[in-house]
Structures are given as structure tokens and as C-alpha cells.
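Let me begin by handing over the structure; questions about it come next.
For reference, chains read A, B, C, D, E and F in written order, and residue numbers begin at 1 within each chain.
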Amino acid sequence: MTKHVVAALQIGADPKGTQAILAKILSFEDELKEKKVELVVLPEAILGGYPKGSTFGTHLGYRLPEGRQEFAEYFKGAVEVPGPETDQLASLSASVGASIVIGVIERAGSTLYCTAVYIDRVKGYVGKHRKVMPTASERLIWGQGDGSTLFTTEFDGLSKVGGAICWENYMPLLRASFYAKGIHIYTAPTVDDRDGWTSLIRTIGNEGRLFAVSAVQFLPTPEVANLSMPGWPKDKNAINGGSVIVNPYGDIIAGPLRGTEGLLTAEIDLDTIIEARYDFDPVGHYSRGDIFQLTVDERAKPGVTFN
Amino acid sequence: MTKHVVAALQIGADPKGTQAILAKILSFEDELKEKKVELVVLPEAILGGYPKGSTFGTHLGYRLPEGRQEFAEYFKGAVEVPGPETDQLASLSASVGASIVIGVIERAGSTLYCTAVYIDRVKGYVGKHRKVMPTASERLIWGQGDGSTLFTTEFDGLSKVGGAICWENYMPLLRASFYAKGIHIYTAPTVDDRDGWTSLIRTIGNEGRLFAVSAVQFLPTPEVANLSMPGWPKDKNAINGGSVIVNPYGDIIAGPLRGTEGLLTAEIDLDTIIEARYDFDPVGHYSRGDIFQLTVDERAKPGVTFN
Amino acid sequence: MTKHVVAALQIGADPKGTQAILAKILSFEDELKEKKVELVVLPEAILGGYPKGSTFGTHLGYRLPEGRQEFAEYFKGAVEVPGPETDQLASLSASVGASIVIGVIERAGSTLYCTAVYIDRVKGYVGKHRKVMPTASERLIWGQGDGSTLFTTEFDGLSKVGGAICWENYMPLLRASFYAKGIHIYTAPTVDDRDGWTSLIRTIGNEGRLFAVSAVQFLPTPEVANLSMPGWPKDKNAINGGSVIVNPYGDIIAGPLRGTEGLLTAEIDLDTIIEARYDFDPVGHYSRGDIFQLTVDERAKPGVTFN
Amino acid sequence: MTKHVVAALQIGADPKGTQAILAKILSFEDELKEKKVELVVLPEAILGGYPKGSTFGTHLGYRLPEGRQEFAEYFKGAVEVPGPETDQLASLSASVGASIVIGVIERAGSTLYCTAVYIDRVKGYVGKHRKVMPTASERLIWGQGDGSTLFTTEFDGLSKVGGAICWENYMPLLRASFYAKGIHIYTAPTVDDRDGWTSLIRTIGNEGRLFAVSAVQFLPTPEVANLSMPGWPKDKNAINGGSVIVNPYGDIIAGPLRGTEGLLTAEIDLDTIIEARYDFDPVGHYSRGDIFQLTVDERAKPGVTFN
Amino acid sequence: MTKHVVAALQIGADPKGTQAILAKILSFEDELKEKKVELVVLPEAILGGYPKGSTFGTHLGYRLPEGRQEFAEYFKGAVEVPGPETDQLASLSASVGASIVIGVIERAGSTLYCTAVYIDRVKGYVGKHRKVMPTASERLIWGQGDGSTLFTTEFDGLSKVGGAICWENYMPLLRASFYAKGIHIYTAPTVDDRDGWTSLIRTIGNEGRLFAVSAVQFLPTPEVANLSMPGWPKDKNAINGGSVIVNPYGDIIAGPLRGTEGLLTAEIDLDTIIEARYDFDPVGHYSRGDIFQLTVDERAKPGVTFN
Amino acid sequence: MTKHVVAALQIGADPKGTQAILAKILSFEDELKEKKVELVVLPEAILGGYPKGSTFGTHLGYRLPEGRQEFAEYFKGAVEVPGPETDQLASLSASVGASIVIGVIERAGSTLYCTAVYIDRVKGYVGKHRKVMPTASERLIWGQGDGSTLFTTEFDGLSKVGGAICWENYMPLLRASFYAKGIHIYTAPTVDDRDGWTSLIRTIGNEGRLFAVSAVQFLPTPEVANLSMPGWPKDKNAINGGSVIVNPYGDIIAGPLRGTEGLLTAEIDLDTIIEARYDFDPVGHYSRGDIFQLTVDERAKPGVTFN
């Protein structure tokens, strides 16, 4: 069986919090079952949220008290991984029969991470990836994942899946690392709704010779979404979506879905990967290991280790 | 509930011995209850005592017999941990509703240790920390704790508490170890009454982004305290106190209390820690595990083990 | 002066040979001058040609004599680098005032290489890049460049320029190497006319935070172009063009030009690179050298060296 | 014991696939036992096959879909090394008492390699060599082995064996590398059936001063073999065999066997090597290390390495 | 000669740029000579500047164009290290006879670093330290130094000097690393003007048993300093100074100087270090290497390396 | 003009000495002219001679005086290069219009070398190659050439020519060196008349993708040739010839000529080399410089140098 239905679920983080967003995900249960989806990817920070436009009260050289309080609220809205929320997702996954990759804000000690959580429809929670490099203001609120976080897994009944979150996907060496791990489906949760993102996902499909599923958040205009976004056009959606599914030639096979929430699905045939790698295999016959040697330090670097 | 009252009880060891000092502690029972203290920290060596000024008859290359006798006396005044005295403290703790961290001189085999004892208001004795590095003349009378002694605990109704005794708190790697254990309240029993100590406690609060409670002994002038302190000014208190409570920004929120015995209390809000770690998390987003890797060997090293 | 006009000259290789194609390039002299072009990029194999559709008589396990003869003809049509043709290009470059990057078939010993030649408007020939990995049938007729061929240069009056040819641009480690060399303008001669190529060039601009200029050949239908292209639609152009110029945000600023020959120009402002790297610098603040370490072996590997 | 019987088993790859060809090999079990063969060499690509005449739908500049599908079929027919097929071969090897060198198409990630597998009659699978340079159309379907693949082994009861596949044997530096590794029996699986090949094997025996065993595939006419071979004479066998065994003077001691399948055997006396190297030792007294210095980079060059 | 005069020069970055600030430094030449200063420490970012209050137009999820332009301006105002500005400083250093540690904004490729530059009065530029962890909004504009940047040097006629910039000094493992390198004078350029900073410097002196010299910027009220500082009191200086010099017991020997620019000097006697380490040596007799093992990875991690 | 006639002149050294052999060569002048030969190769040691069968009186551990005398005679019969004999050959070459490669015994100081002399039909003597490794008893009478002797030249009107003498042609690294020098015609003077030699020459043509011309001496039976050849069959020619000309596919295009003296000619088309290197170029696309690096030390090594 090399044919499977994969999906990107384009929704927005809910200011009402984790349970509200879990409920929203649950509302797609019938559609997921009906379309026989085996893998569904959800956007970045869909649990925990992405308060677009905020500066968290931080100016160069000082932080305002209200920014600290905003952070404390945000901190409390984050989830532990694994934890109760991943248990709930595992139940949903088992019931629907679809494995899940979902972007969450992870609370670990006193630091938050932007994390992609992997839920297998049979085994439940199997692992996570922490964004290794937050972008711009994200660096105020999220820590950096280390090399131990380049997670991949073989989902039940499916094949090897991995991926990264938002702009770290622009890091060529990170992508090359995932290709070298031999994944067949590259997942890319994000909040980047620009069309350059579509080009990136197409390029990932093309250069990686694999299927790429990117799920983007959709959030309406700042006013509707209850966001403070200085300098942002009043009528422009805060995050306009753009979820897309791409095949191993870089052709779009579903989406991009813009301007609305919704479920994007595509049937994929994993044999296409073999055919596509006939003339390009980024870590096989089309690499030049004699010239380019990438070493990936996957060791956890906790700073302090107790024996 | 993130708000709690914590306290440092600044008293001096009593030459009359353990029961006398336990009685003195008991005399603060009402005040502790009235102020709803949930955690009270007592100074270093408050049981067993700190005979400031003594050389225990030791000169480089020889020991005088009277020094040996003095040590024998001191040895007998020490306590076993756990033992009858910790039982008495557990009763007090339960009755007052305040967990206790207290500095004692611990007798183990034929060696003494400078130890901090942890008494939970519900569970009683829960563990201890032995000073890992005595200072100067302390090396004549106390052994060194090993890596198994970096004790922390979650006190009933409170949060994670740990800490160290007197100058070992100047060891940056020791402090980093406690931060990595995720404590929220750092306790520091001591006999150091100088103002540099206040700077240290403020720095611990600041760099650890936690509350720090330091309890210092108060002992009056040598004559009053019945101490032989050659070279010490007659009118200067033997140990002048300096107990202090500090918040996660390194701000003093109680004390320093100098020149007298007394109970120092402060209300703390544990949420402050989250807000403070927004911009500094010593073992999270503000560490550099890729550069600095601290390994802590927590194994007990008894020297002789029988299988 | 950070503003410059750069161009992609979209033409097709001429079956009449090198002098015919040099004449065709010359016919754009006035337009190049008029538009004040300072850098013009030409497609892959524009000298020497790209006989699309040929198999060079090669079947798995044997080569037909007519294929060998076809190769010998192709071999003779190739150019030496540097050589008379690069001298002619240098004259044109000096006269027009535009530096040139041009794709040629290079003859070296008995092996052909697919090469990009760099002509500075002041210094003339300055260096070359040999494609390090030919694609599919190209492997029958071209050798592989080694690591010494990752050429970059600072063109007179302009800034640092480099790049690669056709599908080797899909190699993430190769691209990362060029980014690390600090180039500002990435040139990509090619014969790939599909729209996935446009996505790639946009991604290069975006992930490299630089300007990317891709020149694609244009060749009419096989019959008109005098090509034998089995399985190719009669009415479809052999190579449909698609030259494009992209800015450091991955936005298209000229093209893609399809279905015709022509000169594509765009004014670029090198300061845009600084602004774009504010939030993404692939070899600076947005790399993770502690995790991903790429080593590039740039040594020439001639096989046999004479001392 | 310096005398041994070695053999080349000249058969053709079976379009019915791996199990059919394993069955065919098994049909020689009695003959191998009877002749007390201790080493049997099988041709190139005998598992996985060599679809002579195919172009895999590849033309310069494009690939036809049917070519990609043909590749996908071919990919699935390849074997993993080690894997179930090498286990089966190990059983046969143990049962017959003959170590085996066999050419297979190896599947590794998404790339195929043309590989020689070494099966020891006692230890089973011991290693493999990947062809470092495919020829012509082979470059469309196979990757290149790196320097880590210059495998040699001491087979049980026999002596040091190594070798290479088909045309890479024409690389003088590769051959010199194997001579320098001190092998006594050079194995050369191939599909080259021309008489120039016989000259090469004789030269290898002569210049290497060792025994050389070359096993060539035999495939009947294209029609019978079910191959599409444009430009190939109807009545000419697709691969005509030519297996041959040569002694350290370059004298043929068995074969060449042409026009049929069959088992070629010869008794060899390893002492002959000593006698032959009396007047020529290519890596000893007859080398000129002061003039010719060959460096072989045997490091694996995987492109991406994970720590 | 163990006695030396060391100084902290408390000034503010000048919006008129690098030459203006160099002129301001020069204006202290006579005072430096007169006081026989041998080491002068200048604040963080004194070249390049610290635009306190700016957000550089960055909101979570997007950057405003004016923020990018602000960054581009800031980028151009940064200096290369070494470069013309360090040459000018070297001249000043030689003329005055005082070695210099100065905080600058360093431009390297397209990334900025917050760097401390070391100028020896005899050898000129000798090395630099890049802040390994920027704080809050600094993460938007500065990259992170790697482990190769823990620079120390023996200044001419003086002793071993090292140190770190602003809040990275709160990292206990970083400080421990510098102690282990055996420095005698710890320099700490900063823009932190709070009194908690004084406690930190006192603690560094105390726990490191060395002299600590911290130079803090002084900038007047936002209006005077021409800064936009939302949420900042109108009458409060933007950066209020607080430079301080501390001895190996943690005692303040000069400063803190607040509310004005000025030169702070103190005579130090390096022998005091030996005396102070009598009872506390953080990397000697008062460490516990059997429990706490800190490994510092000082390798440069450039991401891409060319051989 | 890519077509040329090349020849091997198979004659035997004449016991009557140099002038006799020069006369014998002269006797082929008409035939050479008639057949428009542009390059003629003569056997090894044709001047100076190859006294096959002699031991030069040498036994392990001692030399007989008559051997010494025999050597002295042989020494006197050798020629200086260049010298009168090469002048005579140059005249012949110019007159015939054929360049010459001829094997001679060269006298240099007191050592003899087995040398191939290159005579250009226009320029006369142009260079020489000394055998770098004599075989067996040759080691008694000839020295070893050094790395400066790997001579090649472009003969007038022809192309690049080089080669080696007799068994040194079995050295794979020596042959690879000549291939790397880019020769098109490989000359191989020899006295080896066995059929393994034919295999070698075919392999040289094949692996070098060039034309190979080997000239072998012809000497009749020992008695007729006036040679003492103990153990040699009375009726067997001392050297039976075997001159052969081979094309770049390793096909024989003239010869082998056995059992007689004579002139062997073949028309060659240098374009065949390009066609042949289409699928194999030993120092281009079919080399693996990343694995196999051959360094050739071509410096003269005279032992004693005077500055």
C-alpha cells in the first residue's frame, strides 16, 4: 500500500485557550474520517497561540511590567509535552485513525519552546521537535531547541515523517539533515502566510524529492482576532493561511488555501518518491560527499547533567 | 495559590545545648503562626553550635590535648540526622504549619558534617544537605559532603526548595546545579554576617531568578556569648546577623536584619519567577549548553561499599 | 553606490555554432548599454549548446557508433576556458560596461564540463565554475567539477557574485557553501524552464537573503530548433525560457520571461540585503553552527599531480 | 594447502526476479560440490539485473514518465545488502563449502549501487564493494561508491580476495590500490563480453601477479531475453559470456567460455604467486615509490553524518 | 610591581557616531595620563551605540519597513574588528600608556555582535570577546558569540585580564570559565545601571577572588539623549551609569559613579589576590572537581568551513 | 588532418654494432616513404643491443672476470644521447619525413641506461626516456631512470607521443602518469615476445583510450643470432617479434607480426580518441580524483648537485 491521504488542517489558535482549540480540532473529526486521512498536520503554535503583533513590552534595554505579565499569561497557556493535552490528541488520533503533527507552545522548566508534537494513531505520543532558531520577536519568548530535537518517526501504516517549524525551514543545513534521515513526508507547521512560503514548500518537495505538507494558521483581521497589531492594515487578516501540499517534483497537489479555515487533503503515492529520485536524490546519487560534508551534532546539550 | 509567607529566623546557637536552642525556636511558635509562615529557614550550625574563635588547639604540625578534648565535647553536642532532634523539629513544624530548613552539626560515624536538615510540615524529616566544602578552620572539625547531598524537595503546599550553607554558596558550579534542579526558593543558612554576603544573596536571587532566604546566626560580643575570640574587638558582636530575603530580580524584600535576634518574613508570589525568567532563565533560554556543559556527579561516594 | 542594473539574457544556443551565438549576444549590445546593465547573466551551455532530446546513442551496456560521432561533433563545438571565445566575450564586456556570467561547454583534455565563465568588464576572464553534478543524460557527456570550482568574485564596481548551474542549485549544501562565501548576487544559468524552477530561484533569494539572477535558454519547437526530441509534444517549445530576477525577500522583480528570447533587467539596491538579513542571515545569526557544521573540501582533485 | 579450485559461474540475470536467479544458482550446487569449488564468482548485476539496451526513458534535458516507472520497477527488484538475499546466499555458500563473490544491484536509501557482495562459507556475509564509477547509461540508474568500498577479505581456508566490477577495472589507480592491499585472487564480475575484456583480465593477472577470476553474464538474443535493444543485431546474443580464469603470468587457465551458460573451474596453486613475483612485484621491488605516490582516500563520505 | 591604577570610563554612546565618541574618549587623555592609568575599561556598545528603547520595528510575526531601515542604519554605524577604529584606539592606548577594554558593536558578514575589544598599549589590538547571549531585544539585532570567544590576555606590564558583557555575566558557568582561565582582573562593560548590578560585580570580585572593573554607559533623559523610550519616565536618565571597581573580597574600592559621565580610578595591588585566595580559590582548593565537572567547548563553530 | 600512418619497425639488434643497425634501418627508407609513415617506433635496445641469454658472469656473491670484460664491451657499444648516432637518426627522420622513437642503450658517465630516444622529423633530437625499472638481469647492467624521464612530446604534424620500455609498462602508476600527460600515441619498445604482451598493449589502448604502437625485436635462433642462451630450445627464435598497433578501443589494427623482421603500419584517425573517450576517459570523467590521488615526482635526482 503506497497510497495514503494526508491533510493540513488550517485553523487559528483560539484566544479562549487550549480546550477551545482542542474542541475546534475535534469538530473536524467526521471530515477526517470520511476522507480517510492518515496524517494530519496542524499549524505552528496552534496550542498556546501566536499573539501576532505583540512586543511583550520589550524595548532595547528594558522590559515593561505589563510585558512581563503578558509573558506570564502566555507561559501558563503553554502545554507540557507529553502531558494532558497530548493525551487528548492521542485519543483523537486513535479515534480518527490519523496520526498527527501539531505545533504547540511547550513549557519546559521556565522556558517556552515552539514545538512540533508527533502523535501516532497507534502508539500515541512518540516524540517532538523544538524549533532550533526562533525568528525576531520569537527570540524574546521562546528558547532554542538543540540538536537532539531533529525528530523523525515512522508513523503506523505510513512512512517516515519529520520536518521543522516556520522559518527554520529556510536553513539549508537543517533541511539537508532531514533529507539524510530518509523521511518521505516533510511537515512544516507555520504562521508564515506569504506566497514566498509556497515557493519554499515547493522547493522542499523538489530538492528533497518527497511530499511536503505545510499547515498555516488562519486568523482573521486584528480586530476580529482580538490582536493588537501596530502598523498592520485594518482589513488584512492577521494570518491569511496558505496551507499547501506538494509532491516530490515540487508540484502543488492541494492548496494553497487562503483566506479561510479548512481541511486540505491530497492522496499521495509514496512510489512517486522512487520515480522522482531517479534523477535527483539529495543524499544519494546527487550528493557530492567528497566535497560537502555536513556533520550534525544531535547530542542533547542541557547545560547541566546529573549522574 | 502562588502567594506564600517565608521567613528567616535569626538566632544564635546556645552554649547550653540542643534542648535550649530547640526551646528558643519554640518561643517563635506564635509569631510564626500569626504571620502564616509556611517556610522558615534557620542559620547554619544552630544545633551543635559554631564556637567562633576557637582553633581547637591545632597548630600546623601538632594538636594540643586540650584541643582534642574541646573537639570531643563538640562531637557529643552534635546530632544524628534523622534522630530525636529532627523528630522534635517535625512536631514543631506540624504544629506551626511551617516547613523548616535548619543548619545543624551532624554526627555520622566519627566525623561531623555541617548539615542543612529539611523538615516538611506534613511528612516530617525528608532529607539533608551536607556542606561540600568547609571553610578554613572548619576543615579541622567537619568532613566534606559528597555529590549525593545536593538535596532539594517540594515542601507541602509550597514549591521546590533547596540550597547550600555559608561559603559553598560562593561556588558558581554548585549554585548552577541547584538552579538546574528547578528550585524556586533557595535557602542559605550561614554564619557570615558581612555585607558582601548580602550582595551574594541578591546575586543568587538575580542570576537564579528565584527567591532566596538566608538566615544568619546572631551572637553577641564574645564575652556575652562566652566565646574566646583572640584579636576580635571586644565590643563587636561575634556574629552580627544579616538575614535577608530576596526576590527573583535580586531586590531585597526583607532585611537585612542586623544586630539582634528576630524573625524576618516576606510574602512571596511564585508567579514573579515566571515574569523574571521572561528575560533570564539560567538553565533555559539564557544558557549556552553548546558551550558550557556542567556534569554533576551525584553518586554517594562512601569509600567502602559492601555487596 | 548601492544601486545597479542587472540582467538575464534569454537566448538559445545556435546550431550554427559559437560564432553565431557570439554574434547573437553582440546584437544586444545597444540594449545593454542603453539600460546601463552592469551584470548580464547568460544561460547554461549557451556556447557549445544543449542538444535537448539526444541520447548520444547510448543504451545500457552499449554505445552506437552514431552516438560516438555525435559526441565527437559536440566535443569539437566546445570551447577552452580561458580561450579565444572568452577573449571575445571580454571585449564585448569591456565595450558594453557589463560584467558577464555565461554558461559554456568547456573542453578540458578529453572531457567536457558544463561551466559558468566569469568575465569582468575591467579584468576580463577571472574564473569559472564547473557544474559539480550533471543531471541524467548529462552524465554521459559531461564530467563532474571538483570542490575547487566553487568560484566567486567581486566584479568591478559591483559586489560579490557566484552561483551554480541548473539542477546542482537544488543541492542544499552547495547553496549553503555559496552563502557562506558572502555573495550578494547569485547567478543561476540553466535550461530548466519549468515553473518549479521559479520557486527555487525565489527560495534562493529568500534563504540566501541576496539577489538571484537566473538566465534560461529559449529554444523553439523541436522542428524549428532542428532537434530530435522523442516523446516531446510537437508544438511545445524545446526550452521555453523562464529567466527571472529575485530580491533578498524572494520576491520576483523581473520576469519570468517565457516563450521568447529577450533581455530581462532589474535595478537592485544592495542595501536591501542588509535590511533583509535583519531577520534572517543564513550564515550569521540564523545559523546554528553548534548543531550543523558543513565542511567544504575546495581542494582540486586532479587525480594525477606532477611535481 | 596452497591448491584450491576456483570457479566463475556464467549465467544471466533472470527477468523473473531474484528468487528465480537464486534458484538457478542453486541448480549448480551439485556441480560445485563435486568439483570441490572453494570460491565461486558470479557476474555483475546477477541479482537485480542488467536491462541491456534500455535508456530508462532519459533524453538530454528530460525524462519520459515510462522511464521513471521502469526505474521504479528496477528499484524494487534490487536487494538490500546485507538482507534476506544475502542470507540465502550464505546458506548456499555454507552448504556447498564455497565462498561467493556476486554482483548485485543494491538498494540504499533511494539510490541504487552496482555492488559486489562477499559471502564467506563460514562467516556468511562479510562485506561489499560498490562500483566507484558507473559507465555511460549506468550513471542514470546507479550512484557512485566512495573510497570506503575498496573491500578485501581473507576467505575461510583460502587467501585474500578483492576486486572490482566491469569497467572500473580499467582504472589503473583502482587496480593499483587492490594490488597494494595484498590480494591473491582478483575477482571481476562484469557484463562486458568483448575479447578486449579477456586482454584486460590477462593483464590484471600479469601486472598484479595474482589469479584473476572474471564472471560474465550470458544472455541470449534480445528477443529470447525479452530485451529491447535498438541498433543491436537480431541474431547476436545480448551478452555472450566470456568468463575466464587467469594465472599470475597472465596465462588463461580456464575459458573464455562464450555463447552459453556454464560453470568454469580451475585449480590454482597460490605458491605460483610467489614464483611470479620473483621478477615482478607491482607494489614491492618493481614499484618506484620515489616517483609514483598513490594516495587512496578510503574514508566514507556520506555527505551527512550524525553525532 | 604588583600595584597598578585601573579605571572605568563612564561615558555614553554618541548619536553623532564613531568619530564623535572617539573624540570624547580622547578628551580623557590627560586625566588618564595624570592618574597613571594602566587599564581603562569602557562601557558596552560605546562604539556603534545602544539605542535604548527601540523595538527596531519588530512585532511578533512581522517587521515594519522602518524597523528594517533603522537596522540598516545601525548596521552601517557598527565597526569591523580589527579595523580602522581599533587602530585609532591602539594609537590612543600607546600614547596614554593604558591598555583598553571597550564595548563595540561589531559588524561581521551580515550579522552584528556585541563585542569587547582588547587593545594592548604595546601590541595594539590583541583579541575580542563576543557576547554569547544577548538579552531580550538585543536578540533582534545581535548574533551570539560561540565558545571560541572567551578571550583573555596578559596586558603589557599588567596581568591576565578577561571578562564578559552585561547580562551574560549572570551566567554562573561563563564566570566559572573565566575564573578557570586564571584571570586577575575581570572587566564587565555594560548598560545595566541598576543597583543589583553592583551586587553582581561585588559577588564576582568575591567568588572569583579577583579585581572587577565594570564600566556602565551614562545617557541623560530620553529627550536629551534623543531616544524614543515608551513607558520610560520623562525625568529619568536613559542610562544612569553605575561604574564600579571591586577588590578580591568583594569590597567596593571605587564608585559606583551614578548620574554623570566621568573617570573612575582605583589603585589595585595584585598581591591581594593571593591573600584572598588563602581561604577561597574557586578553581583550586575550594572547588569540588569530583562533584562538579564543567566542560567548555571553545571551538569556533562557523557553520561552514572551507578546506 | 586527423589521419596519419604510424609504424613499428620490427628488427633485431645487430652484433656488428651501431652502424650496422643504422644501415638496416636505412634499408626501410623507401618503404617508409611509400607508405607515408609519419611515426616509426623501433624496439628496445636496438642500438647497443640486448645480449639475451647472458648472465654477464655474475653469480650471487661474485662476478667472473670474463663477465666484467663482457660488460666493458657492451659499455663501449652503447651510445651517448644526444650524440653522433642521434644525429644520424635525425637525418634519416628528416629525409623520410617520419619522426622516430627508438630504444637504445645509453651511456651516461659509467652507467648504462635502457633509453627511448625521440627524434622529430623537423627538430631532430627532442628528448629521451630512461627505463625507470630494469627487469631481472637487466639490473646487472642498467641503472634506473628517475622521475624526470617521463618524456612526452608533440611531434611535428602529429600529436602528443610518449611511452615506456618493456616491462615498466606493466606498472599501473607509470601508465597512469603518461595518460595524465595527455598523450595520444603510446609507444612501447620491447624485447618481450610473448602473447601476454599483446594483451598488455591492447589493455593500454583500451584503458588509455589512445593508439599504442609496440615494436619488438626479432632475433633468430641463438645459433643464428650468435647468442649463448643456456636452457633455450635450439629451434626457438631468441626473440620472436610480436610488434602490434592497437586503437583506442583496444582493437588490434596491425600485427602482431611474429617470426620475421618487417615493417608494420596502420592508418590511425586521432578523432577516434574523442569518440572512445566518450565513455571512458582515464584522467577525466572516468577518474575518481577524490579517492585516488597519484603524485608523480618528476624532479631529476642526480644524487649530487653543485650550486
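The working rule: a residue touches a chain if its C-beta (ideal position, glycine included) is under 8 Å from a C-beta of that chain, and two chains touch if they have at least 3 such contacts.
Nothing here was measured: the structure is a model prediction, and the numbers come from that model.
Residue numbering at the subunit A/subunit D interface overlaps only partly, since under half of the positions present are found in both copies.
Most remote chain with respect to subunit A, judged by CA-atom centres, is F.
Distance from the centre of subunit D peaks at B, each centre being the average of the chain's Cα atoms. Of the pairs listed in B-E, A-C or C-E, the one whose interface repeats that of C-F, with over half of its contact pairs matching by residue number, is C-E.
Taking each chain's centre as the mean of its C-alpha atoms, subunit A lies 47 Å from subunit B.
The centroid of the Cα atoms in subunit B and the matching centroid in subunit C are 71 Å apart. Averaged Cα coordinates give subunit E a centre that lies 76 Å from the centre of subunit F.
Counting only residues that touch two or more partner chains, subunit F has 176-177, 179, 279, 287-288, 290-298. The touching residues of subunit D, counted against subunit F in their complex, run 132-133, 135-136, 144, 146-147, 167, 170-177, 179, 196, 198-200, 202-203, 206-207, 249-251, 279-280, 282, 286-288, 290-298, 301. Those residues of subunit F whose C-beta lies close enough to touch subunit C in the complex are 176-177, 179-182, 209, 271, 273-279, 281, 283-285, 287-290, 292-299. Interface residues of subunit A facing subunit B in the complex, by the touch rule stated above, are 56, 58, 63, 67-69, 71-72, 75-76, 108-111, 140-144, 146, 301-307. The residues of subunit E lying in touch with subunit A in their complex are 50-64, 136-141, 173, 191, 229-232, 238-239, 303.
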